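If you scroll down you'll find the structure; I have some questions about it.
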Amino acid sequence: MTLLSDRRSWIGFGGAGLLLALYPPLIGRIGGDFWITLAFQIFLWVTLAVSWNFFSGYSGYASFGHGAFFGVGMYATAALLVRTNLPFLATLPLAGLAAAALAWLVGMVVFRLPQFRDELFSLLTLAMTFIVATIVNNVDWLDGGGGVFLRQAEGIGGWGDNNVALYYLSLVIALSCVYLAYAIYHSRWGQALFAIRDDEDVADGLGVPTIRYKVGTFALSAFFAGVIGAPQALFLGYLETATVFAVTTPLLALMMAILGGASVWYGPIIGAVIITLLRQLLTAGETAVLNQMAIGMVFILSILFIPQGIGGIIQERRRRG
Amino acid sequence: MSGAALLQCDRITMAFGGLLALNQASLAIHEGEILGLVGPNGSGKTTLINVISGQYRPTSGRILFQGADVTGLRPNRLAHVGIARTYQVPRPFHSSTVLDNVALAWMFGRRGHSRREAQTLALETLAFAGLAEKAHLPVSKLNLHERKFLELARALALEPKLLLLDEVLAGLNPSEVQLGMALIRQIHQQGITLVFVEHNVGAVTALSHRMVVLNYGRTIADGPPEQVVNDPAVIAAYLGEEYQGTPPRNADAQDAHTQDAHTQGESHVAG
Amino acid sequence: MSPDQIIFFQSALNGILVGSLLGIVAMGLSLTWGLLKIANFAHLSFALLAAYMAYSLMVDLALNPVLALLLILPVMFVLGVAVQWLFLRFQVTTFTSLLLTFGLFIVLENLITFIWTADTITTRSALPDFLRKAIRFPPPLERFFVLPPDLLAFLVAVLLAGGIHWLLHRTAWGRAVRAMAEDPVMAQAYGVHYRREALLLSGLVSATAGVAGLLIAIKMPLFPSLALAWLGVIVAAVILGGLGNPIGALVATSLLLLVQNVWSVRFQPSWAPLFAFSLFILYLVLQPDQLWRQWWRQRELRRRLQAPSPSSER
């Protein structure tokens, strides 16, 4: 892989990796549960934005359903913890698989039908979120309307109230997700998705098994959203469908990816960091509202003036230089 | 030219709502030949190409490729089986370089290659099409004839047995048309069967072994070019044109082009 | 009539009435989407914004509803023109407009929270008496009633839908607008001033959001995320009713609300949204109107194929 090809990259990545690994104990000196939580939030949104992007950004099928996958992951973990005695770590792959299964099901139907391009696909995934939220809200095993408390569940063990553990867990998940986005971007898989984005019919005619790639990538993207739902569920401690399946989740992920640059693998990372910092650092009463407005305005302005995102600008500079 | 039927279209009907773009059209394409497909505007030529390449599923009728029924298969399956096509208005991938456009076909074609291999092979294909120097340019830097040749290169990267060319010469100036015709002859020499939709009747008659004329979605003539061109039904179909006898078989495109300029009352809009 | 039946029909009636109120909002979205190819989700926020403005005018400034409306309409009109101007200036595609208006949706929701706080507020105290008393049907249906705000909304909705339909199909301007929607380039060649008509249309549509806003303020308590609550139903209704079809949008919203209400009488109300959305998705997947057309044409085709002849259809 080109990133790890030279000495400087190794040093750079080694240094960054060391920093990330030692961050909690270092920050602990300064007194920072806030800073650890902030880092956790950043890794969370990096995962959501990057996973959204390696399907939607690369293929051009803008899904508004990432919130559903995230929510499914959260509720899967919560239900498994509260209703079975599964240990927390075991719920992670199951949360991911639940989300991936949903994506697979939807994809198998929707990606074969030509009417679901562009806006209709986006709206359909939004409708899917409403449906999933309603189902979860009505099925007692999941939520049933009363919300789910996670504090006392058996399987939580040492993970409960342990933000440092959540930090490392979410870091690992985010890194895997980023690595995957990078790998896809540079491989045949990425080329297939970009071709689908540019001209799906032509790609089909050139031998690309478009349906397989769309369904598979969609499911994989959902998998990561589901997996990162597990630590989030623990972090929140209490789930209710209104907040878990809020429409702002997929919109934020989308915003981060587009602001950061949807056509490059690292774009969503930039967007996620910027927007998460903006959201977290300015939350205090009145300013929370203003800062949400600011984020909305930033998004609108970025679409109008820099649709290629920050990452896109970086790529253009690189090409010229 | 072995004469075996590589592709058989059996009474293909294609209806769009109430419009019959193809009406029980039947056609056999023989291995190793160059087949010219002509007809007035709206006669169904591009629709037929779309049906054969899998983009449309015919309302009724069958398509047999090397004896096997391939009706309704997805375009990517047909590409793997050996059918490739180019588009009338070139449709390159704009966010990829010229090289990556062709490499994609090598990656996902009949023998799936890795990205590295595909890029190497793509360079060779581009060289064949005369585009090697442009390999690392974005597609936006290509002019029309270069884009058309890129289309061709991409289709060739599929290592097809049957190549469908939809008005590949349309919009090219005479010298570009010469280049195109030479390229087509070279492709044919590699053993690829060609179907060649074209308005430039002179070029079609110069290159093809056989000509099929479509009108209102049906085949109205099928035979050697000189014969077809003199067929009264064909002349009647092109009503409004005066065809002064047969253009000479070996006319180079330049002459044919000038002749067409005299006789053509039609635009270059799709059939 | 048994009590069960009464409840059933009353909720059906309520569904249609409330649906017609939302239908006014849906109409606007349908028109911009169908005629201007702009998926303007902020239209819902505009309606909510207008509702909040109506609240302030009626409660804080003690203006009567009619006066409030007269002040709100021009503000909304200008807002609509401004937004459309931006879309034209940046030549946005339909999909980009979807993203942009979602962003705007979030901005407006927060703006509303900022100005009016997140508390739920109501205009109830400022309403004239006649708007508060339920109106009973004459015998023998005297068990049924309608609330004046609902009835008003219904009447306005029907008039608006009918009026817009008439405007689009029976006037020269309407024809120009429809031509422009189908083929902007050709329409301009025939003298249709795309920019002017687009701005005008957008302004008018936003004005209808103003009307909807007033009716909403009269009918229900307001809170900032109200527009979000409507999102699903309105989007579903717009697509079901056909883009650019105001009557279709109205009928679809009424139908969806009717179904939801009636369902809630018999079954668990919390499942109701599932029903509406599943209907919506099924519609998109199966495309029943397409299927119908296809079936019809297959029949015609079979007849024609029975007698092959060089047909003269072109």
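Annotations for the structure displayed:
Going by the order they are written in, the chains are A, B and C; count residues from 1 in each one.
Keep this in mind: a contact is a pair of C-beta atoms (placed from the backbone, for glycine too) under 8 Å apart; a residue touches a chain by one contact, two chains touch by 3 or more.
What you see is a predicted model, and the numbers here were worked out from it, not measured in a lab.
Looking at B-C alongside A-C, one finds more C-beta pairs in contact between the chains of A-C. Ranking all chains by how far their C-alpha centres lie from the centre of chain A, first place goes to B. We define each chain's centre as the mean of its Cα atoms; on that basis chain A and chain B are separated by 45 Å. Chain B and chain C have CA centres that are 49 Å apart. Computed centre separation for the pair chain A/chain C is 33 angstrom, with centres defined by C-alpha atoms.
On the chain B side of its complex with chain C, the touching residues are 13, 15, 17-20, 23-24, 42, 59-60, 215-216, 218. Of all residues in chain C, those touching chain B in their complex are 293, 297, 300-301, 304-305, 308, 310-311, 313-314. The part of chain A that touches chain B in the complex is made up of residues 186-188, 191-192, 194-195, 197-199, 201-211, 263. If you check the complex, the residues on chain C that touch chain A are 39, 86, 90, 94-96, 98-100, 102-104, 106-107, 110-111, 113-114, 228, 231-232, 235-236, 239, 268, 270-271, 273-274, 277-278, 280-281, 284-285, 287.
The part of chain A that touches chain C in the complex is made up of residues 62, 109-110, 113, 115-116, 118-120, 122-124, 126-128, 130-131, 134-135, 137-138, 145, 247-248, 251, 254-255, 258, 286, 289-290, 292-293, 295-297, 299-300, 303-304, 307.
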